[in-house]
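Here chain A shows up in two complexes: once beside chain B, once beside chain C.
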Partner chain A sequence: MSTLHTVNKSAYERNALKSCLDHALPGDAILLIEDGVYAARKGGSIAPALTAAKGNFKIYALGPDLAARGVVAGQVLEGIETVDYAGFVGLAADATRVCAWL
Partner chain B sequence: MSDEQQKKKFFYLNRKAPYGTIYALESLEVVLIGAAFEQDVSLAFVDDGVFQLMDNQDAAGTGMKGFSKIYRALGDYEVRKLYVEKESLETRGLSVEDLMPITYEDEDEDYAEKPSIILVDKSELAKIIADQDVVMSF
Partner chain C sequence: MFEFGSPREGLVHSTSEVALRFSIQINEGPYTHQASDTAYQFTKAALEKGHEIFRVFFYHDGVNNGTRYTVPPQDDRNLQKLWTELAEKHKLDLVVCIAAAQRRGILDANEAKRQGKDGDNIAPGFRISGLGQLIEAGIQADRLIVFGD
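Showing the complex of A and B:
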């Protein structure tokens, strides 16, 4: 029933994350990948929107993409779960469909 | 001296995050080429470009080439002016302490290590752009 949404663009440059949050339904999963992971960093102007969305969606960020960009573990917003590539596959397999917000 | 007359102010405007697109790496390559021609080079990091300078970048897990260490070597190529826009950092919850320490050795002061990163606000950067001969955007 549920959808896995992926967001790969920086929320500070594009509105992909905002569109995703506007179109996802409660119970869906959102996975931040590539430049999308910057939104998961504490202290940024996007952080409040993501924190507010946690009540409706399960939010994940791809660990290798966080590491590449220098976002270390302590800087990731509370409640956002870090997954590895196998975790990405697991989320896709668990979801009925995958919707990419490019 | 004729070399001095031909020396131009080259300015590289960086507005993209690293890894997600090829812009940041391409910019670095062009910067190093410009430096080889002994031009007066400066770089600016604006908007998502400030992410290029974040400390602790480790691309090993992605299979991509990590290139963040190159920024720290720029001082050896006479690239010593890295302007970082204050407002761009603030929007992203970043401060200078979140960036790599990037320094150069000042040969006029017994090779003292000096910071290459210069924090500027929007209006200061506007004036810096207006002072350039050549602007290249990435």
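Showing the complex of A and C:
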């Protein structure tokens, strides 16, 4: 019984990621997509919150969206796994439900 | 009735994943942010993995994906065409919310006649129906994935 949370807006524009981190339950997965992937970048002001959350959740970022925004592999925070669209489908299948933080 | 997460006959199993039935909800048009693009890529990837797409429901500004009158530049992606082609290939059920469509001028032949308009613009592969179709999509699918603004 776990939830996949998708966050598609930049953490520097809206507080969707913060709300998600506050509401997700231990064992849930969080997938950053679209502008949401900016949060996965090292050195950002949201990075400490994501690093602290890593113990409770598995955190993923959508690779094609990172690439589209010029975030290269070396700039992604340690412990955030990059997935492609097939990986997104796999995460949705593995979870019991999917919650979009729009 | 089926059990949630139960394997379905006739569907290809890939890796450790059980073939599931997905429904997709899209709340955003092709030129707002990226929701329709992401939904399209997700749907394509799900079909490639052997999953079933029960329905794609276009809601709010998402109904703007369903007009055949958009003429984007030739080197630009044309989401309406992509959805229409994907629907043809995989016999997808693309449903446009009627109330959202009427507000935004998306009409099929019946609606155009009923509203006294001089033409319709619904794209091939799309159909106009009500919110009940979204509720059913949520009930019948193992997962409802929402893409939006």
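Here is the rule we use: the second predicted complex is superposed on the first by the 102 of 102 C-alpha atoms of A that agree within 3 Å, B and C clash if a C-alpha of one lies under 4 Å from a C-alpha of the other, contacts with A are read in each partner's own complex, and residues count from 1 in each chain.
Simple rule for what comes next: a residue touches a chain if its C-beta (ideal position, glycine included) is under 8 Å from a C-beta of that chain, and two chains touch if they have at least 3 such contacts.
As the structure is a computational prediction, the values presented were derived from the model and not from experiment.
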{"item": "Touching partner for A:Gly63 - first (chain B), second (chain C), both, neither", "value": "first"}
{"item": "First (chain B), second (chain C), both or neither touched by A:Asn8", "value": "both"}
{"item": "First (chain B), second (chain C), both or neither touched by A:Val98", "value": "second"}
{"item": "Touched partner set for A:Arg41, first chain B, second chain C, both or neither", "value": "first"}
{"item": "Partner chain in contact with A:Gly90 - chain B first, chain C second, else both or neither", "value": "second"}
{"item": "Chain B versus chain C as contact partner of A:Glu81, first or second or both or neither", "value": "neither"}
{"item": "Set of chain A residues, in rising order, touched by both chain B and chain C", "value": "8, 34-35, 64-65"}
{"item": "Residues of chain C that touch chain A when the two form their complex", "value": "5, 15, 17-18, 20, 22, 27, 33-35, 38, 41-42, 44-46, 48-49, 51, 143-149"}
{"item": "Partner chain A, residues of chain B touching it in the complex", "value": "16-21, 47-48, 51, 54-62, 64, 66, 68, 91-94"}
{"item": "Complex contacts: residues of chain A adjacent to chain C", "value": "6, 8, 33-35, 64-65, 84-86, 88-90, 92-98, 100, 102"}
{"item": "Contact footprint of chain B on chain A as seen in their complex", "value": "8-10, 12-13, 34-35, 38, 41-45, 47, 63-65, 67-72"}
